[in-house]
Amino acid sequence: MTTPAQVHITATDAPGQPERTPALEELYGGFASELLVPLWTEIGDLMPPHPRSRALAHTWRWKNLLPLAERAGELVPVGRGGERRAIALANPGLGGAPFATPTLWAAIQYLGPREDAPVHRHTQQAFRFVVEGEGVWTVVDGDPVAMRRGDFLLTPGWRFHGHHNRSDAPMAWLDGLDIPFAHYTGSTFFEFGPDEVEDRGTPELSRSERLWSHPGLTPVSAAGAELSSSPVAAYRWEHTDRALRDQLALEREGYAGVVEPGHAAVRFTNPSTGGDVMPTMRAEFHRLRPGAETAARREVGSSVYQVFDGSGTVRVGESEWTAAHGDLFVVPSWQPLTLATDEGLDLFRFSDTPIFDRLHQSRVHVEGRDR
Amino acid sequence: MTTPAQVHITATDAPGQPERTPALEELYGGFASELLVPLWTEIGDLMPPHPRSRALAHTWRWKNLLPLAERAGELVPVGRGGERRAIALANPGLGGAPFATPTLWAAIQYLGPREDAPVHRHTQQAFRFVVEGEGVWTVVDGDPVAMRRGDFLLTPGWRFHGHHNRSDAPMAWLDGLDIPFAHYTGSTFFEFGPDEVEDRGTPELSRSERLWSHPGLTPVSAAGAELSSSPVAAYRWEHTDRALRDQLALEREGYAGVVEPGHAAVRFTNPSTGGDVMPTMRAEFHRLRPGAETAARREVGSSVYQVFDGSGTVRVGESEWTAAHGDLFVVPSWQPLTLATDEGLDLFRFSDTPIFDRLHQSRVHVEGRDR
Amino acid sequence: MTTPAQVHITATDAPGQPERTPALEELYGGFASELLVPLWTEIGDLMPPHPRSRALAHTWRWKNLLPLAERAGELVPVGRGGERRAIALANPGLGGAPFATPTLWAAIQYLGPREDAPVHRHTQQAFRFVVEGEGVWTVVDGDPVAMRRGDFLLTPGWRFHGHHNRSDAPMAWLDGLDIPFAHYTGSTFFEFGPDEVEDRGTPELSRSERLWSHPGLTPVSAAGAELSSSPVAAYRWEHTDRALRDQLALEREGYAGVVEPGHAAVRFTNPSTGGDVMPTMRAEFHRLRPGAETAARREVGSSVYQVFDGSGTVRVGESEWTAAHGDLFVVPSWQPLTLATDEGLDLFRFSDTPIFDRLHQSRVHVEGRDR
Amino acid sequence: MTTPAQVHITATDAPGQPERTPALEELYGGFASELLVPLWTEIGDLMPPHPRSRALAHTWRWKNLLPLAERAGELVPVGRGGERRAIALANPGLGGAPFATPTLWAAIQYLGPREDAPVHRHTQQAFRFVVEGEGVWTVVDGDPVAMRRGDFLLTPGWRFHGHHNRSDAPMAWLDGLDIPFAHYTGSTFFEFGPDEVEDRGTPELSRSERLWSHPGLTPVSAAGAELSSSPVAAYRWEHTDRALRDQLALEREGYAGVVEPGHAAVRFTNPSTGGDVMPTMRAEFHRLRPGAETAARREVGSSVYQVFDGSGTVRVGESEWTAAHGDLFVVPSWQPLTLATDEGLDLFRFSDTPIFDRLHQSRVHVEGRDR
């Protein structure tokens, strides 16, 4: 049997508390020695009227991140054991843990010229988003996938993957994973693969895209299965950009399509189900035309955004800042978010929404409109 | 109460039959007058060891169909009441009904230069496949959809739709519907719309495509709903062709993707679910490279094929024929199909498979391999 | 290739028809010789404004059926080949076929004292409903299932099953199957089993019930699978009766539960999914308290009812009749049904609704209220 | 913008770490001041080869818990603000938080004679399991539900509920909720209801049971909806007990049904879906016959057990203890569990498994057998 750790119960002045008497103190001592905690002293924290995340709204500046990543490129080798030269956002509300939000991991990964990252696999879901640069191929279960500006790339759970930079320039990109969620819930498996990627080819398109990236077309050899993650290794910028342009054009012509005036958005989806690309993470790309401002929106669950292009003003609850190319920011659960832009704003977003959707815990509130 | 129709029961010599006595004849007379039929005289027909469709394998030649459609263009106007100049395949096993198979309708529709077909809607699911020509726009719920060679176009149930030919040339195409199934099961509703299409625009791409035809991208404004039919009005030939070329190229490079050696195929799918485009019909495009031959394959359910390009030999059960551009043929339930080609063969196919999938009645048998 | 059958096209006077000229007759002759039928002459029949089933509303009287079944018991042996002493309702609108509706089979099955029906299996879904009597066990995949008054018993597709009467009295019951649907769509497989049932035990409850018939409880050894048909072999009258009594009691106490005033109803469901017991058939039990009358209700799809107890007036479209113990009647697609009773009415019902639900073709209309 | 909290990075001696140089320390300082943490120092903790929960296996003794609950009954009133006299298990590995596991809350709730607990609602899912006693009614959305020995009672998220003790004896029971999971992910809403329960009736069965607790029968008025939580307010001991007895009897007779030799188990399920009773929690009842021992079993996710009857030996990883009536214990993620009993053992269990099932993160390993 385990040795009990110490439990402390503080008699509080919160509403509904019993009088602080020696008898009560003795009772609380009895609770502590038996590893028990009363609900009535904790209920205010555990059952607030609406979500109160420990995570804070915060922004990280690309102009500060990139030099640190470059310096790490000089000092920290990439190899077996450390596995990746990835530098994670640590939300100021989460006690120094490398977690952007309670559920989401966001990191800058940096690979020097001609450098390799070794092959491994893990049950955590992962993706890459490329805010700038090119020249790296990520090899997923042996399939080389080119990484280029604007691309969104998937590494679903338990697929072997490594990266290699085939160019003479370094490359930095955004990694997103559900590491905090998997860590917290205790569901993570990990396995080493070969030290080098299995296929050093440099095709324009991955084999997965050649099978799966034709709109509305499914290979008959793979049809009928509802895959838990998307089989598409890369969602290319040219498609994302065109879809967003089309939405704004339809709006100008007087037709439906945008989320709200001046605000186009696409969700990256799993073509075998029509749902989110991965079971625990949603990924979207948002475009605001010059002059647009979004309605304040609250959602259960947390999000991380990265500015791809343009600039704008971000308001999350009481906080407000401007954001430009490469900047990252976090929106905690149920904090209202408003975006505004003068010159136009292109934003990549990922969130933990599928967790809440699948567990029937989602709520969205848009400016007095419930849904 | 209804007046009973006549029921005839014939005492048979089938196995397990009772002796034909006057008493039995009297009993059978009693059955008939009460509108009753015994199982034991009918079981051989009703419960055969495996599916025995009344439909027959058969082919219709494009070179015979097209002149008849052109002649109809001269003699038969298109307008309210008759609604469409569509000429349906009548399977020789189905007693003269305009049914290609027990569940599927296949017709040549023909529209003369500058001609219109009026707007209506019906709960039957419909699609068009364009084996040649262009110049017609089908307008679905007000959205004009260009029809061009190789395109597969959807009109899901209960959407208003009309057609108009904006060119100086006639155009003929394949219509596929689930009319026989809806007729048989008694589920059909119909409603007239305006006499003329609501939007006479001639855009390259429909609005539905501009919203939905970006690979793996879903408009956030419409995300999350599992639509019963695909929201994509047109699946364009350029995508279909490229997907098939990619599959055959992957095969040459040594990777998975084709259905079987030399046989590439894509299924048209609903991006909101990853499943079939419509609840009752599956649509696919198949390409055989020169020299390929498929394994004999039986499926529960019936199919209609149209040759798009190339030529080949078709074997269905005991029947065999050659097929070339525009030719249509029918494969009844559980009849083995083999396709072979010297010069290569491009085939459009539609079937009633979703009915059996959704009702857990599907079976497939490929050359001694069950699945 | 097949030899074309004859296709007849009759130039009609229906609206929207072309003028009957020699040229048109020649064209129609061309159609016929190529096995083609124009839409414009058939559209009125194929695409009516709302469902117009060929099936007619009709009732069969138990007092007429039972003596014929008894007489068949004297004259017709049960054995291999004929398989079952089952006598099917032949809807007067369906040309003498043994089909209660276009999709549903309903028959009286009769087994004499100590008589056996041999084991076989088929992909058609089957059930039994016991309007009176007891003493027969149906053995499904080796599990003996007692048949008693009021019980609803399942034989899902492709399970071996035979029956044996362990008593000295004959027994007659209602068989329901999807034979017409399977026949029409060409999806049926059949196989003989042993001539005698595998287990001649006579337990009160089947093994399937002992595993699955505890409310809200699933055996962990079988949990998690969504079975295509219910694993429960028998739904016992005591449960059905109590559920209906509870609904009417709740209504009296002022709480929700009944379908409409005085009308209680339960649906037999698959505990592994919460949905219908079988993919193609729905089964329900309805109880009207004395003096109740239902709202007129139309549904896409057809139903068969059997009166279990009490009596009442049945109105289907223009037809009206009274119904009492054991009487069967048919409600075709989209015909309005009203039930009324002075003394109370207990009714078993089965329908083809799951077909339309799963294929997104369902519609219900209740007295001016759409849903 | 938020004020950054402090982030500490410790250069480690873990494998794959860079050499500890002044330059590296400066880099790590730069990370810390920008709220960044490298992956390579943390990967061992974040990505272990298999789940390593912070929670520890531990047991709480009923004989120690109950007196503390009784003493709380004397000292701590129940009322608005504190809401419930519930005393939660605090896992010794979780730093003193009132969490039985990272995701699950387990507490003893105690209500004195004639005492009330006020009405509120919250999005957290809740249930009660009654290890002994009776006399309390929990009123869920106005429906009074009797609590009796062996019963499992549901309060799905966002339903108003209060409790009232109608007897002259106190009552203590187990509360299970997903409070830690909801707290961690930031998804919780809470609202006060009336100070007193809406209906002080004391029926034997709740209205929800009268509608829903008939095996395999669904009220037609509510059929067709897949409810996110079970509509059944109480799963009664008599059904649970009989289902377990039936499984062990089937085993003795030589038929399938038990989980493994001598080990019967039922899962409480949602009759509208066949799945788990609530989106985030699974509940089961397990019975071992005298002399039985289970195979060692690991699962992703954590469980809490309470002994209902009998006694046995519990082995979790390296820990082992005996357990008897009322004792509670926790099994962390991926720790192997073995149960053994001489006299027989009845166990209630709940777990967070639905979270992992719905997010495709489940794994189970039974003694060298993977599934």
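Chains: A, B, C and D, in written order; residue numbering restarts at 1 for each.
Definition applied: contacts are C-beta pairs under 8 Å (C-beta built on N, C-alpha and C of every residue); 3 or more make two chains touch, one makes a residue touch a chain.
Bear in mind the structure is a predicted one, so any value in this text is a computation, not a measurement.
Of all chains in the assembly, none touches chain C and also chain D. Taking B-C and A-B together, the chain pair joined by more C-beta contacts is B-C.
Between the CA-based centres of chain A and chain C the separation comes to 52 Å, rounded to the whole angstrom.
In this assembly, the C-alpha centroid of chain B lies 29 Å from the C-alpha centroid of chain C. With each centre defined as the average position of its C-alpha atoms, the distance from chain A to chain B rounds to 43 Å. Among the residues of chain C, none is found touching two or more other chains.
The list of touching chain pairs reads A-B, A-D, B-C, C-D. Every residue of chain D that touches chain A in the complex is listed here, in rising order: 1-8, 14-18, 21, 23-24, 27, 30-31, 34-40, 42-43, 45-60, 64-65, 68, 71-72, 75-77, 79-93, 95-98, 102-103, 107, 122-124, 157, 179, 181-191, 228-229, 279-280, 300-302, 319-321, 332-334, 352, 354-356, 358-361, 363.
Within the complex formed with chain A, the chain B residues making contact are 207, 210-221, 223-224, 226, 230, 232, 235, 239-240, 242-243, 246-247, 249-250, 255-259, 265-274, 277, 284, 286, 357.
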